[in-house]
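Since the structure comes first, as structure tokens, the remarks are kept for the end.
Labels run A, B, C, D and E following the written order; every chain starts at residue 1.
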Amino acid sequence: MTKFVKQWSRKAGLPPGTLVPVGTPSGEAVTIDVIRYSEHDVTESRVNSVEEAARLRQAGAVTWIDVSGVEDVEVLEAFGRVFGLHALVLEDVMNTDQRPKLEEHDAYLFVAVKMLGWNEARGDIDGEHMSVILGEDFVISFGEKAGDVFDPVRERIRKAKVRIRKMGADYLAYALLDMIVDNYFGVLERLGSDVDELEQQLLDDRAEDPLSRLHQIKREIVYLRKSVWPLRDVVSGLLRSDCTFVREEIKPFLHDLYDHTIQVMDTIETFRDISGGLMDLHLSVASNRMNSVMKVLTVIATIFMPPTLLVGVYGMNFEFMPELHSRWGYPMVWVGIVLVVTGMLAYFRKMRWI
Amino acid sequence: MTKFVKQWSRKAGLPPGTLVPVGTPSGEAVTIDVIRYSEHDVTESRVNSVEEAARLRQAGAVTWIDVSGVEDVEVLEAFGRVFGLHALVLEDVMNTDQRPKLEEHDAYLFVAVKMLGWNEARGDIDGEHMSVILGEDFVISFGEKAGDVFDPVRERIRKAKVRIRKMGADYLAYALLDMIVDNYFGVLERLGSDVDELEQQLLDDRAEDPLSRLHQIKREIVYLRKSVWPLRDVVSGLLRSDCTFVREEIKPFLHDLYDHTIQVMDTIETFRDISGGLMDLHLSVASNRMNSVMKVLTVIATIFMPPTLLVGVYGMNFEFMPELHSRWGYPMVWVGIVLVVTGMLAYFRKMRWI
Amino acid sequence: MTKFVKQWSRKAGLPPGTLVPVGTPSGEAVTIDVIRYSEHDVTESRVNSVEEAARLRQAGAVTWIDVSGVEDVEVLEAFGRVFGLHALVLEDVMNTDQRPKLEEHDAYLFVAVKMLGWNEARGDIDGEHMSVILGEDFVISFGEKAGDVFDPVRERIRKAKVRIRKMGADYLAYALLDMIVDNYFGVLERLGSDVDELEQQLLDDRAEDPLSRLHQIKREIVYLRKSVWPLRDVVSGLLRSDCTFVREEIKPFLHDLYDHTIQVMDTIETFRDISGGLMDLHLSVASNRMNSVMKVLTVIATIFMPPTLLVGVYGMNFEFMPELHSRWGYPMVWVGIVLVVTGMLAYFRKMRWI
Amino acid sequence: MTKFVKQWSRKAGLPPGTLVPVGTPSGEAVTIDVIRYSEHDVTESRVNSVEEAARLRQAGAVTWIDVSGVEDVEVLEAFGRVFGLHALVLEDVMNTDQRPKLEEHDAYLFVAVKMLGWNEARGDIDGEHMSVILGEDFVISFGEKAGDVFDPVRERIRKAKVRIRKMGADYLAYALLDMIVDNYFGVLERLGSDVDELEQQLLDDRAEDPLSRLHQIKREIVYLRKSVWPLRDVVSGLLRSDCTFVREEIKPFLHDLYDHTIQVMDTIETFRDISGGLMDLHLSVASNRMNSVMKVLTVIATIFMPPTLLVGVYGMNFEFMPELHSRWGYPMVWVGIVLVVTGMLAYFRKMRWI
Amino acid sequence: MTKFVKQWSRKAGLPPGTLVPVGTPSGEAVTIDVIRYSEHDVTESRVNSVEEAARLRQAGAVTWIDVSGVEDVEVLEAFGRVFGLHALVLEDVMNTDQRPKLEEHDAYLFVAVKMLGWNEARGDIDGEHMSVILGEDFVISFGEKAGDVFDPVRERIRKAKVRIRKMGADYLAYALLDMIVDNYFGVLERLGSDVDELEQQLLDDRAEDPLSRLHQIKREIVYLRKSVWPLRDVVSGLLRSDCTFVREEIKPFLHDLYDHTIQVMDTIETFRDISGGLMDLHLSVASNRMNSVMKVLTVIATIFMPPTLLVGVYGMNFEFMPELHSRWGYPMVWVGIVLVVTGMLAYFRKMRWI
């Protein structure tokens, strides 16, 4: 189950800016991949130290440093030292619980977002904390674990004569954020098909364990909202930013990104409305079924009680019971039973109970 | 059932501005109809290429290019080239999932809206993505499929001496949007009569399958809200626009359009309130019915159990049971049964259960 | 039942500003009453044409033209021509579905409001669409049907030395709006007493058909909100208006009107809260009653089943049943029945079920 | 029960500013008490006319005119005449339904608030309409009935060398408002202890008639909200007022008052949340109890039906029933009954029903 | 149970600024600890009087006066006198019910916050009212009781060459607030694990007394919201403050604190959503269980009633009942019973009831 609560207390009492990993350590080593590109040129390399990455920067080219793993305090401190990042920024990079935010510093912009993906094994949403730092001519991206989320961007850079090769570091940062938001749609698609399936099954009254599935869906919606709502402020902050590295020509792209964010939020709200309706539906279906069970019980009891009384009467041992000696007594009892039962059934039919 | 989830993932990873159709391909060919009119003159023609359409433009006349079908990448790219439209605008034209929005560019305004209609066959709302591009002296409208939604506007243009012939391209764009919003009222009427009918049936307790009908109504309201809410921002954006093609004299018309949009939203909210009340009504009606079933069961059980015990007593085989030998034993049992049943009925009447 | 849905589709496709009646035609003829007054002088007359009404205007006097009936297209067009009203304003005057709004034009202000009254026959709220047009020295009021709603204002004008005779057309327009809002209180009073009565009956558990009454109340609250919410914007728009016919000295009166509007809205919200609580109350009362029915059933079943089994036992026909031959067998069975029943009753008393 | 609906219709049709009492007349005579004080001097007197009160004003001293009773039209008109109050202000003073508001006039400020108190006899909240008029050197306070709410302020004025004696009329007005808000806390305390008590009883499942108590609490919360919400705007309006009688040095006190108002609102919202939760609690408790009743019924029915069938079998009168002639038939039936019952009980224990 | 209602009435009628303790007196003595530090130097001492504390202040050093206990009126008055604090500030320091707020005075800033901790003994949240007063070169912190909450800050100050030793009083105030907010995470962790546990138990249907636990959780969430919501305004007020003691270089730290506050609020809202869902879950689980109980009852009744009637029939004492004399009568009855029961079971299986 998606956890909303982490071991925050581990940090209580430490001075602000102290670098402490929050989640359970993954044990993976940190890798640093550097891609430097300009309109005519691309070089890719995996480096061993932050200093080495910094040395690769070159005038007129964009340097993208992609870091996997945020648990290594030393590496982060090196980034702080080499690129002049504030201690609190480093803390936010490391804090995998950090909610999405945008921070404008003099020499760089800091963006924290959540990368979401559907975990097929566990059947719910996987969230990964990602940080993007945008400088004049470089972008540093931090992810929790090695992965191939940014591979399509890498592919695009490798091609010659594409837009990304002609634009600056700001476009690269935008492309990374766009990639992340694009991934949200995949999660929405998956969640949406879960919602649709459950809805159809509820309407056909053949859902199995609808309660926990609905509860699971609701939790995921809560988690999605928590991840996506602050993102709107991040993107609109970028749009309104008067920082010089965010050039005017990428504003239409940011606007497009903003639109996508709104659409994600819209869809989440729609799912919320629908899953709220599903709860009502489930409760009504359950109460309908109860109703029909009650009716069966009532019909049964009502049909069998009067004949049972009747046969009880003629089971009495009184000496003086004239009917007992009549030839027609026994058949009349059967006639009486049939009449009573038929009458009851007719009444229930009239009442639309059966 | 109205689908809220599309195959978004198909686009994930592609660079922004890439033209990819979103929905299932309709297979219809794209048609381009051009109407050019001025106060004294109207010409209509179906053209084969975007270039041909562009050549029909003439100083002092308004050119309306009505395009059916948005799945043909080449045609859209031709529009981009010939009319200088931004790649992201073309993407939005093609993206049939795009929520309503207004974008102001230097040379044109881009408006995306949803055309809604009632699908009698499927019994729910049909949504079509429409885009309107307004330039200095031309309007380009894109619809998902060939249709006659704009026929009334076409008719008006054909008449001489009508207001539309004297006004510019901005009035034409307004007329198209007004047509679309007018169609919403038809959908509201249809939905409203569904709501009214269900309400009346619930109050008379003769609704069939109210749950899925109510659920269907709610889904449609969710879908309507999603389509109409952003429209308000679009129209108020047009009203506040300081773009030069939106002349001062059409502001009253835009204001009227804004009023209609508000009225549509108001009506949707009213339906939402009422359909929320219908759910309560349905649940209460169901619980009332359960109550009355329970009462019948209780009355039956209570009336038959005591006599059944009584006759059981005199069915016992004890040797020494003085009553069994009495002449009046058997009649007294009947008297007892009648008394008990009458007393019970009186008690239930007093308790207002029967 | 108050209808929220009208035959809007009748207008779809017509050019904006086309005059088409919306509701069912009432068949009543249009009447035009003109009152012209100044501090010293009042003349009243019923005129046959708009032109005649216009001729009655006089410098230094206020002319009030009160029109009953808005279905006659020719009359409205005459007003448009003679007083220079915009086609869209005339459309709004005719559109009895128009929500309350304020429109400022150069030569006049247009105000649309709802006149509400309690329809004793139908037992719900009657809404009438009213329009007030305020010019420099005239007020035109349009109502759906001939009525006496404005009679108190007429009475006041007829008296000499009253405030209204000394003030301008703006005060007259204010007085008409104030009259309309004053009528809302009557509707609230009536609705409030319905709510109070139902509440009291629910608490005493003697309400008849509470569901449909509650539903009716909720519908009326929805209708009231829809009519009154936009009114606040209308009045605050008048307050903030810098139009020259709305003189500074009537601002305190408009402020008072605004206050009344707020109070109406406040009261509606209070009713909404309370009627929401009534639904809960009704459901709880119903579930309480179900509970007590269930208890009775359980008590009955529990009390009669054990004795029934006991007497069944001694109704068996085994040859070897020593008790059957005992003198005390029969009395002991009665003792057993009494003991079991007494024990059960004591248990239920302890459980607080009876 | 707190009434939300008054006889508003009594005023419909009257010109604005007409003085008409709204509630039921109390029949009490109006009393006017005047306290004039400066740093060194205090005089108190009960006067017979408004003119007399006005004559007591003195340069350098603050005059507080405390009026009990607002139903006497003549007295109010005298105040209007003598102190130059607007007709609409007098109407608001008299209108005991007036919601809290602040009105700034050139020569005075008008504040309307609700004085709340707990009516021990009726067991709910008593609301009294109070008006405070603050002029340059005087304060006029109007209350619905004679009472001692302002006695503590009076006591403080009588003491020498207290802050109130050194400050102006604005501080006096503040002190009166502060007194009123302080009284709210008493009401909250009382309501809060009701909520707490009901909550505890619901949790212990020993609440009597929880529904109507809860409903009563909710009504009181609705009433409190209605009275207190507008007060925030009143106090913040005073804080932001640039009127010259509201001197800079009392701003900290107004800020403190604002804080108290916020705290009152906060507490009301907390009660609202909790009482909403109590409704859920009550419903759940009721449904739990129903559940346990159902279980008892099911257990009883299930335990007694099989043995009843069994003894029925051996009550049959067939000639050829070998068991009937067996010595062990009867004991075996008992053994069978015990086995069946024991098995059932074990099953129910396993199902955690008993 | 967390109390939302205090003995406010004790203060009613007293002049503003009067110092009266609100809660139940703790009886603990007030202690005053002073730490004075500069970059090179730290001195700690426990003083006996406020004057002594004030004398310890020194140019170029930061003086932190930590006061435990706020019930001693004399000590507070001494602080007011010595440090020039406003009477209303002292009142707020003493008022342990004061909601979080920020007040800017000329010579100092006043911040009131709630210190929250998890009370393991009582199993709920403990709230303590804390006040922090920040002056040019001093910080005074007031807590309700002696405790070690600030010990980590004290520890940090004692170390040489740490950031806190180089910064001013503003950083110390920030560090104290940060410590308090850090403690919130501990409370959230604890509450979150309670929510998670209850959720898991509800889903597994093995929760004990879920209602009161859920109710307790909801109360705590209400209490947390009440404590944390105003904190956001406090911190954002500090951020926007143009007061000279809040230097520009601590703004990033305040921003970080603001972020933490938002995260606390976010998490509370998430818990609120989830605990709302838990109520639904609990109700559904309960209604499911009821459903299954009802089904068992119905199955039992339906299976046993027909055979019981059948054996009743052959228990009748009619003289002429041919079956009674048949050799196969008795076995046929058994066959009939088995057939009926088997048929019923098959039917119920088909209906998915068993």
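We adopt the following convention: a contact is a pair of C-beta atoms (placed from the backbone, for glycine too) under 8 Å apart; a residue touches a chain by one contact, two chains touch by 3 or more.
If you're wondering where the values come from, they're calculated on a predicted model, not measured in any experiment.
Asker: So what's the Cα centroid distance for subunit A and subunit B, whole Å?
Answerer: Comparing mean C-alpha positions, subunit B is 26 Å from subunit A.
Asker: In whole angstrom, what separates the CA-based centres of subunit C and subunit E?
Answerer: 43
Asker: Find every residue in subunit D that makes contact with two or more other chains and list them.
Answerer: 283, 287, 290, 294, 297, 301, 305, 308, 312, 315-317, 321, in rising order.
Asker: Taking chains as nodes and touches as edges, what kind of graph is this: line, ring, star, complete or other?
Answerer: If you draw each chain as a dot and join those that touch, you get a single closed ring.
Asker: Would you mind giving the ring's chain order, read from subunit A onward, with subunit E coming straight after?
Answerer: Traced from subunit A through subunit E, the chains around the ring are A, E, D, C, B.
Asker: Provide the residue numbers of subunit C that touch subunit B in the complex, in ascending order.
Answerer: 1, 3-9, 11-17, 86, 88, 91-92, 97-99, 101, 103, 211-212, 215, 218-219, 222, 226, 279, 282-283, 286-287, 289-290, 293-294, 296-297, 300-301, 304, 307-308, 311-312, 314-317, 321, 323-327, 329-330, 333
Asker: Give the list of subunit D residues in touch with subunit E in this complex.
Answerer: 152, 156, 162-164, 175, 178-179, 182-183, 185-186, 188-189, 192-193, 196, 199-200, 203, 252-253, 255-256, 259, 262-263, 266-267, 270-271, 273-274, 277, 280-281, 283-285, 287-288, 290-291, 294-295, 297-298, 301-302, 305-306, 308-309, 312-313, 315-321, 353
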